[in-house]
Amino acid sequence: MDFTQKHILGIDHLSVAEIDLILNTAANFKEINNRDIKKVPTLRGKTIINLFFEASTRTRTSFEIAGKRLSADTINISASASSVVKGETLEDTAMNLEAMHPDIIVMRHSASGAPHYLAKRLPRSSIINAGDGTHEHPSQALLDMMTIREHKGRLDGLKVAIVGDITHSRVVRSNLIGLTRMGADVRVAGPGTMIPPGIERLGATVCRSLNEALEGADVVMMLRIQLERQGKSLLPTLREYSRFFGLNPSNLALAKPDALVMHPGPMNRGVEISTSVADGPQSVILDQVENGVAVRMALLYLVGGANNDESTIQSSQSKGVTA
Amino acid sequence: MSDESTTLLDATGVGRALTRISHEILEKNKGTQDLVLVGIRTGGDHLSRDIFNRIRDFEGVELPVGAIDITMYRDDLGIRSAPQMHSTEIPFSLDGKNVILVDDVLYTGRTIRAALDALMDLGRPRSIQLAVLIDRGHRELPIRADYVGRNVPTSISENVEVEFDSDGTALQIRLIKPRS
Amino acid sequence: MKILIQGGRVLDPANGIDQVQDVLINDGLIEAVGTHLKAEGAQIYDAAGQIVAPGFVDIHVHLRDPGYEYKEDIASGTRAAARGGFTSVACMPNSNPINDNKSVTCYIRKRAAEAGFANVFPVGSITKGLKGDCLSEMGDLKDAGCIGFSDDGHPVSSPELMRRALEYAKTFDVPIITHAEELELVGNGVMNEGDVSTQLGLQGIPWVAEDSATARDIMLAEFTGGRLHVAHVSTAGSVELIRQAKARGVRVTAEAAPHHFTLTDEAVRGYDTNAKMNPPLRLQSDVEAVIAGLADGALDAIATDHAPHHIDEKNVEFAIALNGIVGLETSLPLTLRLVEQGRLSLMRAVELLSAGPCKALGIPRGTLSPGQVADLVIFDPTIEWTVTEERLVSKSKNTPFMGWTMKGAALRTYLAGNLVLPA
């Protein structure tokens, strides 16, 4: 199939076939990361701007490495260095970048919907959402799905428990949409202050306790917990959180013996996940990071390797270009 | 619009051509020393398997055989939608090896250019030789094959199709003329 | 000068009139309403097939003047009012400077009189500077022309202060208009809290933020005996609280905005900042309850909460876009939709746009009784038109109804007998 999406704004916009294609493409790119020469010329001459309005080490680095391994020129712009501090609007910042003819803008922003907003306004660039507010984080969900599929051979029919701050997690939304779309059965658990209304409508089963969520799970995904959100405390203490929602060897035993333990990072060891579990044999946390590069290569390739200009496509067809 | 097609080679013809190519490879390389087979996906990988089988039957030697996907090295990316990618599987070192690169149809030479670049990124072979089942002409790059199953003069509007069965055995090769 | 409006369907809810009649205007006042009226030398307007009603009254608008004239000014805002069939508006005090002293009140009235498109009845602030701290000089402000008091947009958080405001306003028999919202529960919310906010990853504003404040203010009105008017009711719960309060005799009135009886939070999908307002668009069940409240009298008025914002204030990320939409020019057709759907009678619709709001805030307008000031609207409920930026005369174009086909439009408005629309 042809991948026809110009932007990657969220998992919500991707069909099952498109998710499959991304995961398959990523699997093929993964091999490059193990070569001595970790670079292919695929996106030679393409310019990718990593526009990060929110601090991020992992995601930004992952996208940067992905772009560089595909021979694209990647430029990082972080919020502190950007014009935002000068009071420039998001649209102006983006239009100014667009004027320099990048091919892809990888964007992280604290406002939900910010990449959608730019996608409507930028005429040329493709936009890849690297996390918008508490909305979506599609590349994270894709790397999670890739990791699960690698270890389990499938997504369909798996029981996936996601535990933590469901309300404020963009990782949860993207995973929930993606995993249920791919046929997995997703349960969520967390303190009442962190379960948003209507999460069931996105396909989640809400569990009342961690143990209930872990029971028979094939995959356990723990989320980073933060005591303060928007200046308000949603938890009494991290100690209590850890006691009721922290993953440790004894409650992990409720899950299937070969259950995968995942975490999108960065981890609070000893809070949402004990060190012995994080570093234990069931942990695939570093696989997630490794697959992140491959998934991002796939996204950059599928979005950047395409030309969305109709006239070019037609003229190349009439010339009968083949491999 | 239905197309007119003529059979260039049937299964027997393909078999004879591959047998000859296999012998030529052994002859030119004076045996199987440091010889490896790499087929270009998709098509060439099936043929490299076939050549592997024939050489094993003649010589009792199992050559290392791999498959390479050249999508990442294509020169027409960005002209059309991103083509589907396949895996590259070369589970051995290419350093110092005589690589027999196998493809089904040699046409513009662009695929071979891409494959040469891909191989170079994976190691430093001593030599790369090219084996193709059909050479249909119309080269756009200075590339030639070392082993050719059959030279077929074609026009640019025509198409050459290699049909494989589910095991990857070539059943027939057809020349398709679009009826306009 | 005499004007005779002949043969229109006269709708005057205050007097229970709904029949084809003539209306005679003399010297800016209604002289007579009846059949076969004759008047020597009168200008005649043939209103056959059209509806003649008291000029509409919007008791909740933001004219942005003084201070934010780039969004709207008194002339442009009242022109938009006339275009929408309104002859009177009540403007909220959150201008800059804030209408917490009579110089601002006088400025507003003076500019409105100069523009001459519609009457402007200023609403003064409950507290000085809208700070929720100490009461404004309500007596002085009333004398200058304020008809009610509100800290719209900045809910009075302190129950004690709200109690004193209701008690103090009672002295001058003026209503306190509450923007009922418990700010602690609103938090950083930017849309209704529910399935859609969860799916969009936007912070939600739960219904309880509105209902708890409505309940508190109703209780305080009941306790103090003061007059309370609840602005822009958006939830089923608040409608019910008001209905129950009225049933037990609390002096409470309330209004609802067209967007709250037309749209749900689904409109926010796609992060359309023109679907961002406060209170937020709610659920279909809330829409239904608001419509039921308008029909059965739990709600007294339709008021637009006309809130002009510059494109630069809306063309931003959803989270930082300003709240509110323009409403004056789309209020009539959106109200008429309810009539077409059989949810409201035409009589009740006109009442909610005229006599209802006047009664709620004590505005001496809203009827066609002889001797009254001749503020009239003539409208055709069948005219179809499309909402476009070009057609809107308000300075700001922030509306989620852009591109909608509307049915029903004002043809003429008379302000004290003067033809304002068409200008």
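Chains: A, B and C, in written order; residue numbering restarts at 1 for each.
By definition in this document, a contact is a pair of C-beta atoms (placed from the backbone, for glycine too) under 8 Å apart; a residue touches a chain by one contact, two chains touch by 3 or more.
What you see is a predicted model, and the numbers here were worked out from it, not measured in a lab.
Central chain (C-alpha centroid nearest the global protein C-alpha centroid): A.
Taking the mean of C-alpha positions as each chain's centre, the chain lying farthest from the centre of chain A is C. The mean-CA centres of chain B and chain C are about 77 angstrom from one another, to the nearest whole unit.
Rounded to whole angstrom units, the spacing between the C-alpha centres of chain A and chain C is 46.
The distance from the centre of chain A to the centre of chain B, each centre being the mean of the chain's C-alpha atoms, comes to 38 Å. For chain B in complex with chain A, the touching residues are 69-74, 76-88, 107-108, 110-111, 114, 117-118, 121-122, 156-157.
By the touch criterion stated above, chain A contacts chain C in their complex at residues 89-91, 109-114, 116-117, 132-136, 167, 170, 173, 196-199, 201-202, 230, 232. Residues of chain C that touch chain A in their complex: 187-188, 193-204, 270-271, 312, 315-320. Of all residues in chain A, only 1-4, 21, 24-25, 27-29, 31-32, 35, 37, 39-43, 46, 70, 301-307, 312-313, 316-317, 320-323 touch chain B in the complex they form.
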